[in-house]
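Chain lettering (A, B, C and D) follows the sequence in which the chains are written, and residue indices restart at 1 in each chain.
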Amino acid sequence: MQLRTDLALELAETIDQAGGGISVSEYDKGGAKISRIKLTSDDSAQSIGKPKGTYITITVPPFSDDAELGDELLMAVKDEFTSLLPKEGLILVVGIGNTSVTPDALGPKAAAGILATRHISGELARSAGLENLRPVAVLSPGVLGQTGIETGDIIAGIVKNIEPAAVIAIDALASRKLSRLGCTIQIADSGINPGAGVGNKRREISLSTLGVPVISVGVPTVVDATTLVFDLLGEDGARQNKELIEPRGAGMMVTPREIDILIERAARLVSRAVNCALQPGIPPEDLLVLAG
Amino acid sequence: MQLRTDLALELAETIDQAGGGISVSEYDKGGAKISRIKLTSDDSAQSIGKPKGTYITITVPPFSDDAELGDELLMAVKDEFTSLLPKEGLILVVGIGNTSVTPDALGPKAAAGILATRHISGELARSAGLENLRPVAVLSPGVLGQTGIETGDIIAGIVKNIEPAAVIAIDALASRKLSRLGCTIQIADSGINPGAGVGNKRREISLSTLGVPVISVGVPTVVDATTLVFDLLGEDGARQNKELIEPRGAGMMVTPREIDILIERAARLVSRAVNCALQPGIPPEDLLVLAG
Amino acid sequence: MQLRTDLALELAETIDQAGGGISVSEYDKGGAKISRIKLTSDDSAQSIGKPKGTYITITVPPFSDDAELGDELLMAVKDEFTSLLPKEGLILVVGIGNTSVTPDALGPKAAAGILATRHISGELARSAGLENLRPVAVLSPGVLGQTGIETGDIIAGIVKNIEPAAVIAIDALASRKLSRLGCTIQIADSGINPGAGVGNKRREISLSTLGVPVISVGVPTVVDATTLVFDLLGEDGARQNKELIEPRGAGMMVTPREIDILIERAARLVSRAVNCALQPGIPPEDLLVLAG
Amino acid sequence: MQLRTDLALELAETIDQAGGGISVSEYDKGGAKISRIKLTSDDSAQSIGKPKGTYITITVPPFSDDAELGDELLMAVKDEFTSLLPKEGLILVVGIGNTSVTPDALGPKAAAGILATRHISGELARSAGLENLRPVAVLSPGVLGQTGIETGDIIAGIVKNIEPAAVIAIDALASRKLSRLGCTIQIADSGINPGAGVGNKRREISLSTLGVPVISVGVPTVVDATTLVFDLLGEDGARQNKELIEPRGAGMMVTPREIDILIERAARLVSRAVNCALQPGIPPEDLLVLAG
């Protein structure tokens, strides 16, 4: 029985002392606290339980508050994206998750706000005043229970066909702490991977499985019920209460009552930031109208 | 700090010994276990923390299993409805809850499957082969955060205008135990009321607030996170961990990962059973087509 | 057999010469052409086939173009709203139409973007930095086929209960010309009314039926198929081809293939303009975040 | 300027006399009229403007009527599917179209009702009482404007990865006659192809582009506005009125006002018939529960 978290920041907190191959930098920008963890050695990757790569954690004002998610925050998040993206070439944006389960709908919701441009030819684009568009393709393939196909296999088939320079994968994440829900964004360049925890539905979607770089973006929207109880009761206590917290073996998740507002605002922030990072030549207000 | 549950059955279990004014009967029907609790005295109502009335709890095979939810179960649930409904007159069916939060979407989802007939006049109905239709009106008013109006106030305004013989209110419920989620239906004739628990969003919608009988139907879809921790750690433990389990004062709920399937199937069972109870003159298969 | 249009501007074009009691003014603002028709006499109202009142027609760049729907246009539309709204008091915004039929979904879509504030009490509002909020309630009641209740009857019940200073009714409109679809907004202070045309589903929702002023806002999204054929073939030709254009007596509508983009952008413009008119104390960017 | 129709039956009616290589058979079954057109020669295919293959047209009672769409009709449609499907092997079902435009939502709506089974392994299937399941995968990829990728290219990538025995493509169709909307189903084994008409958004999705057989299923939900006017005014009349019926070059479609009910019922009939054809070992009632 292990903890389930998709956040490198929380995994880094669990290890007593970092060995070599881990660098951490922290700074404030646009009203957000930003932490960059770089895992550069196999040892550091293994001790944390994540592949080598850069993990950016952005802590923002809670999405469910009526606080301002203003333009400075948007630009700060955009800048972090830009730092991990290839400078040019086609980008495939994938919205991962299930639109029918609110806390799992972040990926498809955010993907619906991404401006698809790959099909807009030079002539058409010019006539619409949209020159210098970067080609972008967008897909929300649904989840295994709906399609019968692993999400990674669907993406792999399309990557082979359209040959993007990189994939951006947007997904809802599991955190270890309830206090992180709705105020954290993680951007990483190591793709999507199973993480250290058990019960993880996610299969690897990464450079090694797709052949192109995978930038992942996620917002924690749930805490695994077993992980919550583990944190409260310890490993023994969680094991003793396993049948109470996992009846019929079904996974239970803990999520805020106002999850609809959280998802709505997080999806909009992510899609706006991705659009701005991908189309620096178009003003943010115009992107808001175009991506509608 | 108190437990939060909407189930009379669970409240009845918490009292050491029933005084007078409580009668309980149990029986099996159509593959379901059915329990009927009648609270007939003020004392019994107060000891349990629910108004006087009849509370029917139907325990069915889990909705998320691929088990058969067959015609016998449908007829058993229909019979329980029929036992609480007035024999004739207009019925207003209200779907309570938020379509944007999956575990709270049961009411609107089920209401969308109810056949509205109040507007089908005698002539039109006859020409469509739909004679002897009972008049039914259907509404899903949305939640306070979306409308700015208490659901009960919306219903009260419409009840005054169309004067139904009774209201059927469909709503998602909170249970105390995770094992009850997705395999329990509660039908009661005392309306919707705040219950014994804290943090309850529900305001009274009942004979005394509307002036007409209110039959409520609900399926537990969440456990309050505080209640779960209370059950695991006791009152002191829950209080000590309050900031961990309720960061920023936000309510947290525990719900199955497969909540979309649970809601889909529960909503269909409820709407089919209500349609069959309201329109005994139309064959169940035809109702399935008509109610779309 | 008559023409079906909800636009006062098109009705005014059909009469040979305006008698007394009609005043028309036209001006440009924020990139839009604005026409104001005032019907002040019973004669003028009857000749045009609309109740007395002010009808503002705003012609904007086509919503489906990738043209800029910028802040100036937003402010121009907001100003027209403000000119017809009571200065203070509770406003009830109603989204009329059917979310399941794209060209009829404008009302509910726009209503979903209106900031409901009636339930935010003074204390709570202050703590969230939201002082001087005007109280607003919002409802999308669904259509007769879903509810069995006339939309006007649902609104009347709620108006009696919450006593607003005025109702804003948002609805998709029928135009006579395909070229008007997606580039016209009509705002009027005479409520919603059956118009001159046949086959009109709309029943009167107005000061005389509700007891409070009704400001209507609409965007033409369809042309009636019979009206299109009437315009092409004349009255005789339309009558001769009635069975071809209305098989089984069912109404047919003509609508653009890109109706989803039209509805999305029109709904956003309407809801943003209404929010800005109702909450002049909150900056437009903050309203965009709050109304989510 | 040409007629736009996706129905082989309507194309066959336009040719004066069939040459060799066309066979037509007609019969009644389960309350439906069924017509089978076989194009076996290149000449016949060219004269009709469709590839060689079998085109089954099923004329059913109008979906928008409250008439019975009973079990006999379901079985009749299922039998026609079965006649064109390979006997065994993985099937990929694709829902083509745009969920945000009601008349174009048939494909995704029907696909959402198809039981995906490819991921249910032997052991799991047995424990759930689901032996002898045929493996099925399901995808609704969205439309070009949302994804930036041709639907055919998305499907081709996935077909290469999962190697199905055949693809079933479900799509809304254009008819030439308003009277055909909502009472016709076309099933064909030649895939999806551009047809004879102009302005057709559809690119070929067929054995020759995918390398596996493509069974297409469609229901006409719109008539092209230009085609309607062509039929009313003739070619010259339609050309003269081009700017009236196609303002700004945008395509206009004619569709019933009750298109939501039509789509809902057509999607259910198609998904139930496909499920029954694919899983003959599971009773139809159980498929209804399982496919959610």
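We adopt the following convention: a residue touches a chain if its C-beta (ideal position, glycine included) is under 8 Å from a C-beta of that chain, and two chains touch if they have at least 3 such contacts.
Values in this document were obtained by computation on a predicted structure and should not be read as measured data.
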Q: Look at both sides of the chain A and chain D contact and report whether the same residue positions are involved, with over half shared, or different ones.
A: same
**Q.** Pair exhibiting more inter-chain C-beta contacts, C-D or B-D
**A.** C-D
Q) Between chain C and chain D, what is the separation of their C-alpha centroids in Å? A) 36
Q: Between chain B and chain D, tell me the centre distance in angstrom, where each centre is the average of that chain's C-alpha atoms.
A: 39
Q) For chain B, which residues are shared contacts with two or more other chains? A) 145, 261, 264
Q: Using the contact definition from the top, classify how the chains connect: line, ring, star, complete or other.
A: complete
**Q.** Complex contacts: residues of chain B adjacent to chain D
**A.** 65-71, 128-130, 261, 264-265, 285-286, 289-290, 292
Q. Which residues of chain B touch chain C in their complex?
A. 112, 116-120, 135-142, 144-150, 153-154, 156-162
Q. What does chain B use to touch chain A in their complex?
A. 62, 64, 98, 100-102, 145, 177-179, 181, 225, 228-229, 231-233, 237, 241, 244-248, 250-261, 264
